[in-house]
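After the structure tokens below, expect a handful of questions from me.
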Amino acid sequence: MKAVYNRIKETVFQIIEPSKGNLASKIVDLIIIVLIVANTVIVIAETFDLPEGVSKAMGIFEGISVIIFTVEYLLRVWTSDLLHPEMNPLKARLKYVFSFMAIVDLVAILPFYLPLVFPIDLRIIRIMRVVRLFRIFKINRYTNALRIIALVFKNKSAQLVSSVFVVGLLLVIASVLMYNIEAEAQPDAFSNAFETMWWAVSTLTTVGYGDVYPITVAGKMLSTVIAFLGIGLVAVPTGIITAGFTEIVTEEEKAKKAKEAQALQQNQTDCKSYCPYCGHKLD
Amino acid sequence: MKAVYNRIKETVFQIIEPSKGNLASKIVDLIIIVLIVANTVIVIAETFDLPEGVSKAMGIFEGISVIIFTVEYLLRVWTSDLLHPEMNPLKARLKYVFSFMAIVDLVAILPFYLPLVFPIDLRIIRIMRVVRLFRIFKINRYTNALRIIALVFKNKSAQLVSSVFVVGLLLVIASVLMYNIEAEAQPDAFSNAFETMWWAVSTLTTVGYGDVYPITVAGKMLSTVIAFLGIGLVAVPTGIITAGFTEIVTEEEKAKKAKEAQALQQNQTDCKSYCPYCGHKLD
Amino acid sequence: MKAVYNRIKETVFQIIEPSKGNLASKIVDLIIIVLIVANTVIVIAETFDLPEGVSKAMGIFEGISVIIFTVEYLLRVWTSDLLHPEMNPLKARLKYVFSFMAIVDLVAILPFYLPLVFPIDLRIIRIMRVVRLFRIFKINRYTNALRIIALVFKNKSAQLVSSVFVVGLLLVIASVLMYNIEAEAQPDAFSNAFETMWWAVSTLTTVGYGDVYPITVAGKMLSTVIAFLGIGLVAVPTGIITAGFTEIVTEEEKAKKAKEAQALQQNQTDCKSYCPYCGHKLD
Amino acid sequence: MKAVYNRIKETVFQIIEPSKGNLASKIVDLIIIVLIVANTVIVIAETFDLPEGVSKAMGIFEGISVIIFTVEYLLRVWTSDLLHPEMNPLKARLKYVFSFMAIVDLVAILPFYLPLVFPIDLRIIRIMRVVRLFRIFKINRYTNALRIIALVFKNKSAQLVSSVFVVGLLLVIASVLMYNIEAEAQPDAFSNAFETMWWAVSTLTTVGYGDVYPITVAGKMLSTVIAFLGIGLVAVPTGIITAGFTEIVTEEEKAKKAKEAQALQQNQTDCKSYCPYCGHKLD
């Protein structure tokens, strides 16, 4: 009995676990990917005003794919203990449930069940489906690259948060200053410090939509300072992230170099420095 | 008598010094943070036109918080000698007074006392209160990250200033050139080289509000050159700052490596000082 | 007979292969460059509405240069086996045909022969001629620099693609969110999530044309988040590419260091194989 | 006679050579700086329409400062042989004349003498005076920082030029493509590929003035691609320059490390590995 259960589980695991050799698994992967992409397209398509029939059809399609995603998710959790045979099943499953990809999967399907719990309409959250696009990484060679990018952000999170904090500080100061300078000349665009923040953002980020900009000399001067400070502050995250990437590269190289060094040393100690027979030094 | 004074001082120090274990300290920290955030909100809120009552209320709130901040500041200075028991009290206090955080605190409260000294209205300077937001760093794990960012700017200040200088030079040249090219076609937007600088800034920083831009072919060509030079020059601070961050990372690694090297060396250099076989001294 | 054939081939090779000493080769190079630049100018000139005669003349000039380019290409392929004497001719030729420069040359001439095959008009593709500008690199000192840039992109392709993917993900999410927030206030600019993507692009890339921007508070808040995320995400490719450049520099240095190390090692490891004093063999 | 000549020359050298100890030199430096700054201000001031008298006064001031700058330049050249006592005077002078600072000085005064040679009006070139602002570096601690920045650009010139070349290529291709896509919808803004280049520039550099932007779907798609390519291509110079800065830092560190390593090695070889008296190995 148990044996059968295990064999089934094993088979299911073989099938749903991506990038496994057998054909069945490949087909399942393909179906999942197609569903994910189709759902993403629908998320965008839904914003067009389409004939009744189409949107109803899309609604049904959504429902079906959510069910499929749910089944897939449950099967993954069920079989996840096979990922870590050494652990006890519960631990292994919890470990999987809190893995990045598992959370992505959950986030993708949850919004459709929330309305059953809360009466309020949460249609917006549904767009979280698109995050499932991350799944695509699981079955191609980019997983590692994405891992590195994520790692950089993780390593440098403290520094990045700090720089964001400083930017926020600058935003507040710039906005209040600009309000005091420009409000008289342009009461509408700079009606209060909060509104002015919109100018500060578009200047600091160098987006510069051009809907609000100072017209007074003092305002332009402040804007100049902010724009250049913006460049400087924008340089900080770039610097932090770049350092992060360089660091990872360096670490990999250091590991390699260390091995080489060891080999070299080994090689050097093979060299006799005296004659074992007469004890004479060999120079 | 002195003992009591010291015990009180010690207790006060324990309480106001952030991130100390005891509860009282934690509560004080919390109050301070809340006050700082509240004041920041008020700084922005004041720019809205609010009913008489509200703005009066906010004014009173400001007053109270300034008093609290002042008391806090004085207590900090008073107890600051406990930070460096090895120094003599006066030296220790001065050291604290000129520390970054102490200056931030002073800058935050000073503007409210200046009007008592100078008759002129200095309401603008009051926004300096927001700099107290830096305090928040004192009680979270980001202090170090912020320290690194500040360190990078300090290490590279000379190079950064130089690059800013070069940018300034380019601004002047670009503005005068553009004025001579574009003034005829757009006498209003490019009324003189100083006004033209506004275009130069928004182009060099790639903000591009879109309120002023060349319309003549020659003007567009110059604008193109400036825009690309802008990218190049913007790349310089980025490069400098990035190098700064990489440097710090490298230094930390070097420090680690150095320790390892030392250990190794130690291990290698404990030469025998006598021959275990013939007992002869080895010099 | 064969000897003559070989001598001719050798001569042709000497002439068309760039940066060869002899004068004939230099002249051919010059002609080719002039033709390439002239063709690039024409590509742009064609977009002006010119008098009948001029455009006809340009058409003829195009035809001639294409013929010349074709002959040149064929000669290059014919003689390419001399580039790798060690290989057998066919292999060598194939190797050349699939080299970057050879493909560039082919891409530049192909569009003119396609219409003979397909009836449809492919005038647009003709602009591919301009890619021949890469040829210019072949005969100046920048080849290596360009090689390095290309190498960086190749080394980091996986990471770059991943970051682009993440940006794409953000674009979709941002667009759908913004559509839901802003559509009511600006039904024309934000008519659907696809149209809204245009705003997301101009914000994420910090281009900020200013044709579409949010006017609601919620919209401005989202725009702020996107703009700052944009900076962060833009910092990623910069970081990746910078790491790539630093890496190459490091590798070159490592190569140098490795050689030195080897020399040193060599120097250390030539152990004596016998004792010069007692003549005993040392194993 | 010669002695007197030499003493005078020596004294002049002492005075005009910046950052010399004696007072006279300091005063001369100050005057020069003031003149340079004043001239820069005038260059900008001239673009305002000022009363007859003022502009005449400024003209006179310009004349005087040019004379002073000329005298200074000649004196510098005359005494420059004292900079390299080891060389023969002529060589030393030529070396100085072609030094960066000397060229800057010449460029600053030349435009005022050119009209005497050529009849044509060269007022524009006069703004080259502002380059003299570089002089300010000579007398402050930023010389080195500026030297490093210049060095980075010099080291990486080949790569930077290549990347600019690639950008140029992209500009041409993008413009011609966009013209073919957008010209029908906006015949005025995209009247020909050359005009369209203005859009390509403002998109690639992410300036985005907002005077020209695509309105068709195809155009917006191309614009999206260009904008993201822009980010990528902008990342290249940043990467190159950053690598340059990191390189310089690394080199300095490598030099230091090398010295340490040497010391360590020295230290290790001081360790006897056998007993000189009984020849026993010491392990």
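For reference, chains read A, B, C and D in written order, and residue numbers begin at 1 within each chain.
Methods note: a contact is a pair of C-beta atoms (placed from the backbone, for glycine too) under 8 Å apart; a residue touches a chain by one contact, two chains touch by 3 or more.
These numbers come from a predicted model, not from an experiment.
S.K.: Can you spot which option in A-D, A-C or B-C is basically C-D again, with over half of the contact pairs the same by residue number?
M.R.: Among A-D, A-C or B-C, the interface that shares over half of its contact pairs with C-D is A-C.
S.K.: Is the C-beta contact count larger for A-B or for B-D?
M.R.: Answer to which pair has more contacts is B-D.
S.K.: Using mean C-alpha positions as chain centres, tell me how far chain A is from chain D in Å, no decimals.
M.R.: 40
S.K.: Rounded to a whole Å, what is the gap between the Cα centroids of chain B and chain D?
M.R.: Result: the chain centres lie 29 Å from each other.
S.K.: Which chain A residues reach two or more other chains?
M.R.: 202, 206-210, 234, 238, 240, 242, 246, 250, 276, 278, 280
S.K.: Please name which positions on chain C make contact with chain A in the complex.
M.R.: Answer in residue numbers: 158-159, 161-163, 165-166, 169, 172-173, 175-177, 179-180, 183, 192-194, 196, 202-203, 206-210, 213, 220, 223-224, 227-228, 230-232, 234-236, 238-240, 242-243, 246-247, 250, 254, 261, 265, 268-269, 271-272, 275-278, 280, 282.
S.K.: Under the stated contact criterion, what part of chain D meets chain B in this complex?
M.R.: Touching chain B: residues 40, 43-44, 46-49, 124, 127, 130-131, 133-134, 136-137, 141-142, 144-146, 148-149, 152, 160, 164, 167, 197-198, 201-202, 205-211, 234, 237-238, 240-242, 244-246, 248-250, 253, 257, 264, 267-268, 270-272, 275-278, 280, 282 of chain D.
S.K.: For chain A, which residues are in contact with chain D within the complex?
M.R.: Residue positions touching the partner: 206, 208-210, 238, 242, 246, 273-274, 276, 278-281.
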